[in-house]
Amino acid sequence: MTAILSATDLHYAYPGEVPALRQLSLGVPTGRKLAILGPNGAGKSTLLLHLNGSLRPDRGAVLLAGKPGDYSRRGLLQWRSRVALVLQDPDDQIFAATVAEDVSFGPLNQGLTDTAARARVQAALAALGIADLADRPPHMLSGGQKKRVAIAGAVAMEPEVLLLDEPTAGLDREGADQLIAVLRQLGQRGMTLVFSTHDIDLALALADDVALFQDGTVLAQGRAETLLCDPALLASAGLRPPVLVELWLAAQARGLCPASGQMPRTPEALMEQLAPAPPALRVAQ
Amino acid sequence: MHIMEGFLPLSHALGWYAAAAPFVVAGVRRIRRILREKPEARMTLAASGAFAFVLSALKIPSVTGSCSHPTGTGLGAIVFGPPVMAVLGVIVLMFQALLLAHGGLTTLGANAFSMAIVGPWVAYGVWKLAGRLGLSFAVSVFLAAALGDLATYVFTSLQLALAYPDPASGLVGAALKFGGIFAVTQIPLAIAEGLLTVVVIEALSGK
Amino acid sequence: MSVGTLDRAASLNHWRHRALGEKALIGLGFLVLALVLPPWPGAALVAVAVLAFTFLGARVPLRLWLATVVLPLGFLASGGLMLLVQITGDGVSLAPGGAEKAAFLCLRAMAATFCLMFLALTTPMADLFAGLRRLAVPAEIVELALLTYRFVFLIADEAAAMTAAQRARLGHSSRRRWLRSTAMVAANLLPRALARARRMETGLAARGWQGEMRVLSSRVPVCRKTVALVLAVQLAVLLAVVLA
Amino acid sequence: MTAILSATDLHYAYPGEVPALRQLSLGVPTGRKLAILGPNGAGKSTLLLHLNGSLRPDRGAVLLAGKPGDYSRRGLLQWRSRVALVLQDPDDQIFAATVAEDVSFGPLNQGLTDTAARARVQAALAALGIADLADRPPHMLSGGQKKRVAIAGAVAMEPEVLLLDEPTAGLDREGADQLIAVLRQLGQRGMTLVFSTHDIDLALALADDVALFQDGTVLAQGRAETLLCDPALLASAGLRPPVLVELWLAAQARGLCPASGQMPRTPEALMEQLAPAPPALRVAQ
């Protein structure tokens, strides 16, 4: 498993404040979906800003495809073409008067011709399932639509890695489900995804790998199936397992599920594992 | 370009306070009248003042590496009018002094006169004049913002020259000296501010 | 240094809970002395005294102080330079007595700047607003300043986020793109600031706002010992200058 | 069950837009906790703004303790003393330079003396568990802290009803749990709570009653135990039952829980109902 991006021993403090990142090391496995999971204010956004070169660490290094990040002007342009960042609030990143115009901002800055940029815009809007919104002014969109426009703006740059800060923040269940479906599709096409979240249920629904983040550092990193089923480890990061996993573990302990089953990622998956007891064995009604 | 704390002698510091006072008092009167009729204008004015502050904190990449920044006076003068800008300007200058150590308290009068009075009035005058001359909207806005910015900078140079006249060539020489050293950054800046204001106002009126 | 750096430092300062009057007496008192007294030895003594209050009294972190003082010193370097030279018919030459004048100006400006920085690094804005109210500045103007102060941080955060988002999409990478990107930030920021103002209006109306914005501010009593100490130091500076 | 606040046949449209509320009727039972549950953009915030008189309906009426709302200046002041509103974004409601100053704003507007207002401020900060933040400037607080400051500002007015717009939006699990605990305590002291949310899990954790909201109207209102266990009804509002309830229903259907059990509001409550099968009856491992 190669790491397209990695961070070693990062240390960073905003001027006059306590350190936001401390001795942080992290690898982003190529072609997979990594959740950076931790409470608010732990420094997750600061980490993402380091991963695309927006912030430069006080100590330590960020490596892109094994090479130390190049903070020269040209180096940063290339870096950000390969590693795109989508912030939490879509209103912070949609500027133009129409959706299509906004999505073209990145490709045009990459130096593409108008024709090439237009093709990129169409492809990105299609990938996010919002081709019909192309001519809309952004302020007339719903929260979930805006979020997808912001992601389209990043996808149109055809990056290798997409960094997303709290992608489902503020979305309702339907909006979040649609977004998760879109992100899964992007992952299937080979894009590496890194997303920060305080929502362990989102990590359960989307992540291949999880990095447990607390107080500016990564406590543990590993496969979602391992980490999210480890209540003791999660507790050390101040977290509880997802409700689904808690119930699954409880059902296993009570012998209501096979011990060999896979970690359920949806309620349906858990229900399938809950074998119906034969009528005679049911609990007393 | 704010005059730093303690740079002006006492008499000049006091003199500029006295010169700025009538404009600021007039602005305060205007604002109190507005607020009596529309208490909620408080929020709008405060949001605009904060916007001007934040705009002035956006750094412009400049050749000299000095800390040049847009003044926002042209935009403010066109949108709110010069009297209101005099008060908002003083508030913003006070915050710049205390939150960024940019400018100063003894030089607040002098800085207010150039940034919150001369700049906005020049911008406003140019804006009105350009309208009367039938210049296009974009050109009028550009001229108002660029000349407002430029007027602020020229006036600041004059204030410095008045305080420190050249031993050989007096006021004129000093104005050339002070003006000259800041011209490197300020002339491109005035043009940038003009262009910026055009784009902002066009985007605002388009929405 | 961001907009919040000094503000944060002031509200976490060792002297944060000292009376506004004491801090004003130090910051503004020495500021007046710096301007009134001849720069040598007046401003020099003021600088020493105010630095002692800054570092020994209020325990301002040196690193932060240095990072803050860089900006005004840049202005001083270029401004002071102008006093060294003169323009004559033959061009630019060294001004007679220019070095002395420039040195005196630097002394005074630095002493005054240290006074300003003492105030900025020890006194939260909340206390200053309360002080302005007591000084009979019209309530509307203090309220306007207070709301502006509150909005500054909200809008600055938005501006910073927008700029980061644009940089991520390669805005700001050339002069032309800088202009376009910055204009887009400004154009998007103003309507958002105004929308925020409208929401704030609803939010405050829900709390019974009738047009006047009264709040309870806590007032710390002035410590007489400190005041006596500060006055004694100021008198000593004054006497030293008169005797010299 | 008396209704301290009620709305009958409300109709409201923002100027130049499609109606936000349509023939909406709703009762707010005194002393209970009501969730207004529905997707984003359905008009929940608009409804809350009607319930404290911030917006005036185009048709229909809002009744406070049985009397039609009085939209005169004095009437509104009284109304808002009895019915406090906490907006979704605490930054839209906190304006002063310190927490204690900010919380004193409401009580002083009610005409209290400085001494009385100071007592209210202290009581409200204590009730929200933030007495130690009194001197902090608001922009130095975390999201969860700001939220509690905003609520303290409302509680200090000692209202009978507290309206909250998306109270846990943007909070992480810990922040949300703390807030839920605080709101429960306020409820136990007799305060009537109304909160809007798109998060059905929040409704499950906190609400006594639920009003299902969709497209500007209330589809159904009733006890949380009834409504949240009715998948068909929820589906008509575009919602799914909470994961816990889904699993509980599934376990009941499989005979793994007693059919007579109470709706579980926490994973622990569900686990208690999941009786362990005796060893011999466990599913094949």
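The first chain written gets the first letter, and so on, giving A, B, C and D; residue counts start at 1 in each chain.
Just so it is clear, a residue touches a chain if its C-beta (ideal position, glycine included) is under 8 Å from a C-beta of that chain, and two chains touch if they have at least 3 such contacts.
Given the structure is predicted, the values throughout are model-derived calculations rather than measurements.
Participant: With contacts defined as at the top, give the pair, B-C or C-D, that has more of them.
Facilitator: Of B-C and C-D, more C-beta pairs in contact link B-C.
Participant: By CA centroid distance, what chain is farthest from subunit D?
Facilitator: Between subunit D and the rest, the longest centre separation is with B.
Participant: Between subunit B and subunit C, what is the separation of their C-alpha centroids in Å?
Facilitator: 18
Participant: Report the inter-centroid distance (CA atoms only) between subunit B and subunit D in whole Å.
Facilitator: 47
Participant: Subunit C to subunit D: how many Å between their CA centres?
Facilitator: Each chain reduced to its C-alpha mean, subunit C and subunit D end up 43 Å apart.
Participant: Note the residues in subunit D that touch 2 or more other chains, in rising order.
Facilitator: Where subunit D is concerned, no single residue meets two or more other chains.
Participant: Multi-chain contacts only, two chains or more: what residues does subunit C have there?
Facilitator: Those would be 1, 7-8, 125, 146-147, 149-150, 154, 184-185, 187-188, 196, 200, 209-210, 213.
Participant: Please set out, as single numbers or ranges, the residues of subunit B touching at least two other chains.
Facilitator: Only 203, 207 qualify.
Participant: Taking the touch rule as given, give the residues of subunit B at its contact with subunit C in the complex, in rising order.
Facilitator: 2-7, 9-10, 13, 28, 31-32, 35, 39-40, 42-51, 53-55, 57-58, 60-61, 66-67, 75, 87-88, 91-92, 94-95, 97-102, 104-106, 160, 164, 166-169, 173-174, 176-178, 181-182, 192, 195-196, 199-200, 203-204, 207
Participant: In their complex, what parts of subunit C are in touch with subunit D?
Facilitator: Residues 4, 7-8, 11, 16-17, 124-126, 129, 146-147, 149-150, 153-154, 196, 199-200, 202-210, 213-218 of subunit C touch subunit D in their complex.
Participant: Over in the complex, which subunit D residues touch subunit C? Could you list them?
Facilitator: Of all residues in subunit D, those touching subunit C are 49, 52, 54, 73, 77, 80-81, 84-85, 87, 89, 91-98, 100-102, 104-106, 108-110, 114, 117-118, 121, 135-140, 153-154, 157.
Participant: So in the complex, which bits of subunit A are touching subunit D?
Facilitator: Residues of subunit A touching subunit D: 39-41, 142-144, 169-175, 198-200, 238-240, 243-244, 246-247, 250-251, 253-260, 267, 270-271, 274-277, 279, 281-285.
Participant: With touch defined as at the start, can you tell me which subunit C residues reach subunit B in the complex?
Facilitator: It comes out as residues 1, 3, 6-7, 28, 31, 34-36, 68-69, 71-72, 74-76, 78-79, 81-83, 85-88, 93, 95-98, 101, 105, 108-113, 115-117, 119-120, 125, 128, 138, 140-141, 143-152, 154-156, 159, 163, 175, 178-180, 182-191, 193-194, 196-198, 200-201, 209-211, 213.
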